[in-house]
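Next, two complexes with chain A in common: one pairs it with chain B, the other with chain C.
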Partner chain A sequence: MKGEEGVRIGDIGRREGRLIKISLSDLMPLPSPYDKPELEPALTEPKPEWSSNYVTELDGYVAIDVPWKPKGREEEEKLIEKFLEGLRKLTSREGNWTFLQPLLLSLDYCAKCQNCAEACPIYVASGRKDAYRPTYRSEVLRRIYDKYILKKPGVNIELNARTILRLGELAYRCTLCRRCVQACPLGIDNGLIAHEIRKLLSMEMGIAPTALHEKGTVLQLKTGSSTGMNPKAFMNMVNFMEDLIYEKLGRKIKIPVDEKGADVLLIHNAGEYISWPENPAAYAIILEEAGVSWTLSSELVGYDAVNYGVWYDDAQLARIAMRHIEVARKLEVKRIIIGECGHATKALLVVADRLLKDDYRIPRESVLPMLKNIVESGKLNLDPSRNNFPVTLHDPCNIVRLAGIVEPQRVILRRIAPMFREMEPHGVHNYCCGGGSGFAIMNSLNFPEWRIKVASRMKFKQILEAFKDAIDPSIPKYVCAPCSNCKGELRDLLTHYRATELYNIHYGGLAELVVNAMVDLKEPYVDFTAQ
Partner chain B sequence: MLTQLLRLTAYAAVLIFIAGIAYRWRKWSSMPTHLRWELYPVPHEPPVKVRYGGGYLEEELWWSKERTASVIGELKELLSEMLFIKRIYNNNKRLWALTYPFHLGIYLILVWFLLILLGAVTEAYAHILVPSSNAWSIFLYYTTAVVGVAGALLAVAGGIGLLIRRLTSPVLRDYTTIPDYFNLLIVLLALTTGLASWFNDPFFNYARAFALSLVNPLVNPPPLNAVILIHVTVLQLLVAYIPFSKITHFIGKYFTYHRVLWDDEPGSSGLNRRVGELMQLKMPWNAPHIKPNESWEDNAEVITNEG
Partner chain C sequence: MSLKYMEVGGRKIELDEDGFLKDPSTWNEEVAKILCKEECRDPDTGQMGVMKDEHWKVVKYLRQYWERFGMCPPIRMLVKETGIPLQRIYQLFPNGPAKGACRVAGAPKPTGCV
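Take a look at the complex of A and B:
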């Protein structure tokens, strides 16, 4: 087996140094033109001082950027004790009714056949490192559970501080894309187990990456958005978008905000306003043209669809979902529509669904089906030849594999992008962008290097293969990613490999392409010189 | 005397099996309603959507439309997975070449049990001897022989292959625990002693006679030689052991698929009532952002502008 380095289950608590050694020569090769070593930026070493507070003993990269390393024997004992206390709660009805059945099924029935490993883009792209197998962290947790909670005899695992520290980091080496589950003959969910380990750390020990917790859900509940944007700043963004629309369209559009009784409350990922305002602006144009009764909200949390709770903490998930619903209730809208954001779509439409009862059951939808219907209705005057460049579609896991929304985005692209081509594989069998489960926004220490080099590698390979007939730098190419976090990851990925600069590969959302095809526009909406 | 004893333990083994399976089933089906965590493709969607893996959230105003969940779609997927082990075939042909004969062999042996039982019932209650000139009896006699031998050979070959695979791959050896080996070994022991018995009983006449003594307590069990005695003992131990082992993965598989990965049922009054009760549970977690000693519902309440 290629890349076999012989990391065994027991090594997680035993082996000194780094458990996994990442090297450029082991990584999955990239296709042409990135098969040249000079196009692959070198790896960096973690700073030695990091290891006193953070866990560099997994693979040298740090996802959990809060200092949580125990100092001395006593703190180590306490860490172990707290972890076991958390594991007891995680496997109890009171602590985890929300995922108890799926978790225990996955702990009980895995046949350890390793069928799932080849489905995992992280395992494969890393050069098949044993400890990145979807089964590895699961088996460690399973053995701890069997030995210390169920008290089964003869279970071979050593529970020490090193085991817990590495397991915690390892919970952030999976994007929760759940591609492995599709390959499992028994329906075992190794992605879920990573999710549950994160929950244990967060809900019992208060340990989670800053970007997800302190500067994520906590900041969102406090200031209204995980970007830190307050309602006033949001209103400024609305004005800015109105100006942008005027500039592009040649006429003024009033973006409705806090319109009581509107049919649709549209909630975007607030990151769009900061990084890609052309996307929410495109929706403003489209909805105006289509005559939809809609509104944005300027209430706290009402202008930011994100719900990072879905990645690491059930309490935070519920709090943010409730807040979204309350905003909609106050505005008396008929339905909430989530913009182009994968995890927000899954969080509010799927995962939080059963938490909402009685008058909290406001209908919730993804924006993609509505956009499809608008495009098909003929209300927009569209000329596909304006999108006369190669376009490929990235499927956000949370929208496609995990919410079953597959075709609407394709129907749209087939209408408006004559040079649309699929990646392989695509649809529900897609690969994650590498930024899933919060990775795209986790930028502390050296974590971005890992997510780009390892987690996004398969996606970059797919993109290059989709454009292999048009790699010529004179041809602009567009990776359409209807998801904010995927776009964030693609931005970092294309920047890392200078793919925009060298090969004219761009990325963006779906609505921008729709507006770009509108004949009323004087100037192209998608500007390839800007990126 | 020994055979008399084995007759009694046969009933006991079957009873333990049924009770154990029922217990497992109840344990999983009485678990609290979980949050939705589905995975597409979901096979109960309309066939046109199943083809590419889509679901009802693809429709604008999905909540105003009638949702149909096709039992046939789930059944089709279930059967293709059960009968052909499709997911392994698609992902790992070498593993499939071992696990498929193993499972197919076991299915055939289950059919064999049924045929043996039918033979015994035919003799006990229809008073037709097996074999005899009666067409049904001839059918039973020969199909039992063919199905039994084919099943045992396939299962033994596949089972040994799976065991060798586990023992020779360093990765699999690392993951395999003592109970995993024990499960495979006890199944293989039952299979190989079964094959050894077959050499003594090529048309399974002793097996049928023993079954006859089970369906009709007035008939005495046949005298069995040492090999067959060992086989029957091992088999009974296996039957009684199954509910306590991972061999019950057929139950697990039902729940992972039907109750988790394909459970895309949107909230409804019944579901919400059950979830509402669970929301009253006290949240036991200890992190600083959790309100201690308060229910899930109170914890879900928004704490904006706090701190």
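Take a look at the complex of A and C:
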């Protein structure tokens, strides 16, 4: 595995300095009008003092923002010991009840054909840095497993503290989009391996980015939401949305909360209420118009669909998923529907399935098929010409590639957005927004710079290409992203490149476009002057 | 934003890496006046570190909301309740309502998918 930098597997523990050097001139070029260097903001250097607590030796960026660098020989040995103990658990039946089989199959053999590397937006956008290959971190873990757990002879890897520190950071240079899995002729899941390294770090060693753990799952279980929103604040959001709806619709709607026996418990990502209240408000309008029996919950955790555990820790995942199910049981609803949120959809629909037995097997669905059925039912009075601007669709990885919900959102857009155009590639072959697996909310130190410059670069290229016939700033353009995390990333991406200001490119959810097409509205629901 | 703590009236106030208060209960108006040096801009002259009535209106509303609900309100609510348009808020707080104004109001860094 020799690339332009010539970084080899063994270098992860051996090399001095940074393993990867990011530079603007190496990054994948952006298409017009962003092919001009003056539109590309410069890179910054990490502060020298960071290196005493955090790992800047991978690429100069820091995702793991809790101090975890060992001080002295003794602490280094302890770190290695704990890592190996975690790896033993991760690869044993008792220690890994979720993903043991695919992990062991993925660790077993890799042909190093590198088909996955060209499928990885991070590897390609970075300028093809060797250590960002999906196979790089996998091969490091495979060799450690072979040498120190299976005790195979002749395996070339040295497990020292630097190996673990760099590997830990490297587990957070993959958005878990799992596009690499599709490209692998052997079905190896390199995305899963990145996920399992995160799990080892969190579950055995107590190491996880603050945004995911302390200010994520821990805060959610304590206050009810990773935003810190408590039930009282949630009710304030409901009142606020009712006012918003009155302003837009000209009539009052009572948003149902804690309605026992409703058909549907709708759980949104609570970030929507704070950052994009038009989205949950749009659902309230649509469900009212369509006559659906539905409710929100004001119970702790029942109003926040997020489950960051799916990105780094199975125990936290299980705790939150069980809370969601218990809330639904108490309300005696027929099914749970997750709003426009990708990871929450995968967490509760797919991954939590292994947790749920008997009475706990409540049907769980994404909101997109229901929205499609409503749009097709003719219950909403829709005039597509109200969406008379170019629209493209971003496919959230967790909803599309990883949960198989591909068509409903397209059926809707073809009906309500006459200037809808696909990105290339799209559907299950989409590229991640760059904010996947928690990146969009990891804002400590210099990590936002890395995720925008490298992880989101392919998405920005796709957006510019989708709108190349309409790049003229006088034409408003809409990137439809039915996922809160993706929206957060798109906001930061468009802000970084001043793309709203310079080229009139906007972003938002799907339900907003549906409501924008409703003929009953006097004013447009989508407000291009607001962003 | 390299401060790790600041001294206000003999008290040592801790800040996180991004300059937000570590403990929001340590906030008072004196603290706001110090934080404003990096966040508040005079919309007429462009000078930083100036706190006018409009700044205070935003900051006091945010602080009140935070004390009541333990989080910062939606931007749309802030605009509606203070009557100050979003563009004006960006003129007053160049880092924006969440990163700039909420910081001066002593709220911790926003968390979750916001």
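Of note:
In this text, the second predicted complex is superposed on the first by the 528 of 531 C-alpha atoms of A that agree within 3 Å, B and C clash if a C-alpha of one lies under 4 Å from a C-alpha of the other, contacts with A are read in each partner's own complex, and residues count from 1 in each chain.
As a working rule, contacts are C-beta pairs under 8 Å (C-beta built on N, C-alpha and C of every residue); 3 or more make two chains touch, one makes a residue touch a chain.
Quick caveat: nothing in here was measured; it's all calculated off a predicted structure.
After overlaying the two complexes on the shared chain, residue contacts for A:A211 are found with chain C alone; chain B is out of touch. In the superposed model, A:Q114 lies in contact with chain B only, and not with chain C.
Of the two partner chains, chain B is the only one that A:A352 touches; chain C does not reach it.
In the superposed model, A:S444 makes contact with chain C only, not with chain B. Judged by the touch definition given at the top, the superposed model places A:N236 against chain C, while chain B stays out of reach. In the superposition on chain A, no contact is made by A:G291 with either chain B or chain C.
Residue contacts after overlaying the shared chain place A:E94 against chain B, while chain C stays out of touching range. When both complexes are overlaid on chain A, the residue A:E326 reaches chain B alone and has no touch with chain C. One of chain B and chain C touches more residues of chain A, and that partner is B. Of the two partner chains placed around the shared chain by superposition, chain B is the only one that A:P408 touches, whereas chain C remains out of contact. Residue ranges of chain A in contact with chain B, taken from their complex: 1, 4, 6, 8-9, 82, 85-86, 89, 92-95, 97-102, 104-106, 108-109, 111-115, 118-119, 130, 133, 135, 139, 154-156, 178, 181-189, 192, 202-206, 213, 218, 221-222, 300-301, 313-316, 318-319, 322-323, 326, 335, 349-358, 361, 363, 365-366, 368-370, 372-373, 400-408, 427-429. Interface residues of chain C facing chain A in the complex, by the touch rule stated above, are 2, 17-18, 69-77, 86, 109-114. Interface residues of chain A, counted against chain C in their complex, comprise 47, 65, 211, 215-216, 219-220, 223, 225-230, 232-233, 236-237, 240, 244, 269-275, 277, 304, 306, 341, 440-441, 443-445, 484-485, 488, 530. Residues of chain B that touch chain A in their complex: 28, 31-42, 45, 49, 52-64, 81, 85, 87-88, 90-92, 95, 99, 170-172, 174-178, 180, 246, 249, 252-253, 255-257, 259-261, 264, 266-267, 271-272, 275-276, 278-279, 281-290, 296, 299-307.
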